[in-house]
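Handing you this structure, nothing more for now.
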Amino acid sequence: MPSPGRLVLLVSPKGKRYLRPLDPERTLQTNEGILKMSDVAEAGFGRIAYTHLGQPYQVIKPSLYDLVKGVKRQTQIIYPKEIGYILLKLGIGPGASVIEAGSGSGSLTLAMSFMLGETGKVYTYERRPEFFELCRKNLERAGLGRNVEHFNADIADGFLQENVDALFLDVRTPWEYLDQAAKAVAPGAPLGFLLPTVNQVSELLAGLEAGPFADTEVLEILLRRYKPMPERLRPEDRMVAHTGFLIFARQRD
Amino acid sequence: MPSPGRLVLLVSPKGKRYLRPLDPERTLQTNEGILKMSDVAEAGFGRIAYTHLGQPYQVIKPSLYDLVKGVKRQTQIIYPKEIGYILLKLGIGPGASVIEAGSGSGSLTLAMSFMLGETGKVYTYERRPEFFELCRKNLERAGLGRNVEHFNADIADGFLQENVDALFLDVRTPWEYLDQAAKAVAPGAPLGFLLPTVNQVSELLAGLEAGPFADTEVLEILLRRYKPMPERLRPEDRMVAHTGFLIFARQRD
Amino acid sequence: MPSPGRLVLLVSPKGKRYLRPLDPERTLQTNEGILKMSDVAEAGFGRIAYTHLGQPYQVIKPSLYDLVKGVKRQTQIIYPKEIGYILLKLGIGPGASVIEAGSGSGSLTLAMSFMLGETGKVYTYERRPEFFELCRKNLERAGLGRNVEHFNADIADGFLQENVDALFLDVRTPWEYLDQAAKAVAPGAPLGFLLPTVNQVSELLAGLEAGPFADTEVLEILLRRYKPMPERLRPEDRMVAHTGFLIFARQRD
Amino acid sequence: MPSPGRLVLLVSPKGKRYLRPLDPERTLQTNEGILKMSDVAEAGFGRIAYTHLGQPYQVIKPSLYDLVKGVKRQTQIIYPKEIGYILLKLGIGPGASVIEAGSGSGSLTLAMSFMLGETGKVYTYERRPEFFELCRKNLERAGLGRNVEHFNADIADGFLQENVDALFLDVRTPWEYLDQAAKAVAPGAPLGFLLPTVNQVSELLAGLEAGPFADTEVLEILLRRYKPMPERLRPEDRMVAHTGFLIFARQRD
């Protein structure tokens, strides 16, 4: 049975999705009637709960993907297609330590917190108080964040950690913080960056060339969906064409 | 200092990469001279070790990405761009349990073993003895696999586990094993599939429609690299255009 | 000066585009006031005409691209990115002869008529009366079509021409008309097809394999736009991800 | 029957392609034996000619696509996927006039010459004598070029034409020639550019913003091929990922 407070994904008969905390005192108002969260809890993951009008809702244990997509956003979030690749490139797994800036809405923070387990650590920096708060709340809401330290600080002043296993910068002018980044990571550690424009990528590449970095890569990841119809299988008409350029490098002695 | 037996990534002055176990008794023969692994161990991650001709080699702690790319392959492997996305969609993180078939060369098995930590579990099935062995060796070589159970079995006979958190099928005719899959996973659990041709995708979709599954998705992930030159930034001339279609669904009551 | 009756492209101060026939008796009602077509004619291509409120409108000679995009549509049209490639593959240029079915809204017919010049010929077939009429009107409106013969006929009965230089089928089940197509073209002539789903492509490929055809190719063309900002250059957020698969083959003896 | 001197496409039993002038005095040496061009002429387009070892070769009338792909190249050529789109955007068809620089190997020149017919005109500029010669030869070899004027000149000195219908610049620093371009075209005429790097695109966009131009667009065209197997249809493993960015604008009063 889902534990109270944890997020649960509720899917309507028409496929509409609600990511909600499992608070047995509450109800969900839907177009198909009122759904009692106590009924959801009783049904359990993978089962059906019914509204007061008898309409069936699927009760789903949200995957990391669902949690990331359900982040309340006030900023551009980082998408699952990029997050998965970032985790592999930075070696984010149980026990690792990683610095991230800025926190933004916390979609990457959430994924890192999920993957690092009890023995890993995320140090996330955010200058703007409203995003600092938003990131904390998004993690708490997802039942994650015990392995996260939040800093409401300007990274121009440097990072408080040393020797972390990896570092990710999702800020507008990452080339201004390369010295700070190089000092914070372990020798040879991987660094990642996300930037929307090619002009920023050029400027970052120049900065990386001038500093103690190696193995620089630039790439983008495109995701193309298909209409899942066995007899009329075809790509969807439109797709997201750009979320950002990913840049990776390693600290070098 | 890297612990003996663990893989270490050695990068030549020209950027050539060697993923090798750190066995202090051994040496690496390179075009730039002989590199003693004892010197590599002494240098440590992020530092430089020198060949007997004085040529510098970077000593790198391999990320999960490096480990996946370093898998010895006798089959088509699953690539990092797909692996990252699969992990998120299936909710593979510390403590989760997952079934995978077939093991193949073990690139996804390796990534799952990495992410699931000490408390998670991979049950990986492979019918062909040579791949069964190869997958085991690739995991052992990477210093992973303690949370993996290998089965040299035909999944037509069903899976030995029940109630696992997720399941991934990378086999030629996954539609033949949907009953077995549905029985092995927890209610509402996510399933993933990887297939090379559109004909197979159509056949799988028909199978999923006929069975206890919901939320079916089909997609592909494309990765486009850029030449990392600040003054002449441009996409690379050629790219990998197809590694496979990813299909996801959920078990439904 | 633009000749009366020809289409003219009028671009508002905000970039809104109107493709209209140059009828000096008429006016264009805009948000920025009334624009007299007599003033447009007097201004001439490349110049500015003013509304009665003094707002400037650019008077543009439409390119073939503009004409294709301006086709009044009741069907899915064929897009410029595909049209250009089709023209090259089929060798559509001054003096060539080509059969097309179905006419649809006439976007490809229009482009062929434009390229074939006075000595070339398009034979376009359309079964449905409403599209037969629509195609004629779209060509007439663009000042084209003198080299086009329209047939309101079912191609199951075969084509009335022989020995044409090329043939293009944009119909739902092209594999049913391959015999008719093979008889209508010159020996070795190129054929083209446009289909939305992979299932149709498979069926067509099977048909082509079974008939007198060679050099079969399947491809798709993707167009990705960028925001044209020199200091913040980046791909647009979304793009058209699928308009159709193009298939080409040659008749073989 | 193909006329002497015209290019003919010969396809071997294994699909190997030869684009050769139809000179009845000559022979083609192949792995399957000697093919007499006199036999090719006698067979005719769409038919089979046999080598002295009795091996069948298809005799194909080359399409514009085949001619473009057959251009002898000493430079990066412009590819059919871009050429088709350029033709539409610039309105290149029977009777139009267009300036192009540089000529390069002449693949775009060839396509323009093909499409413009007897009443159209290409003015092509090339500074380097070796490409100036190469372009002429490639056109002559294809049986085209009667509507082309070649200039072995530096476009920094301006263009000799005025009021042309369109202009295309495929040079390294097009932003240096925008004044010359604006003077050469008719009011409101379309201009096109092809550039490999994003830095060049940025610089060109800045130049276009500063000059008498409007309706600027930046885009790229990707072509993805499929293995044409009805039962195992799938994208090819690798693809061309970048040939260049296309930029279009209009002269503005």
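Labels A, B, C and D are assigned to the chains in the order they are written; within every chain, residues are numbered from 1.
By our rule, a contact is a pair of C-beta atoms (placed from the backbone, for glycine too) under 8 Å apart; a residue touches a chain by one contact, two chains touch by 3 or more.
All values reported here derive from a predicted model rather than from experimental measurement.
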Path length in the contact graph (chain A to chain D, fewest steps): 1
Pair in C-D, B-C or A-D that repeats A-B, with over half of contact pairs matching by residue number: C-D
Rounded Å distance between chain C and chain D, as computed from the means of their C-alpha atoms: 21
Whole-Å gap separating chain B and chain D, where each centre is the average of the chain's CA atoms: 44
Multi-partner residues of chain D (at least 2 other chains): 198-199, 202, 224-225, 231, 233
In the complex with chain A, residue positions of chain B that touch it: 11, 15, 44-48, 58-65, 68, 80-81, 83-95, 111, 114-118, 166, 186-190, 198, 201-203, 205-206, 209, 214-231, 233, 245, 247, 250-253
Footprint of chain B on chain D - complex, ascending: 196-199, 224-225, 231-242
Residues on chain A engaged by chain D in the complex (per definition of touch): 198-199, 202
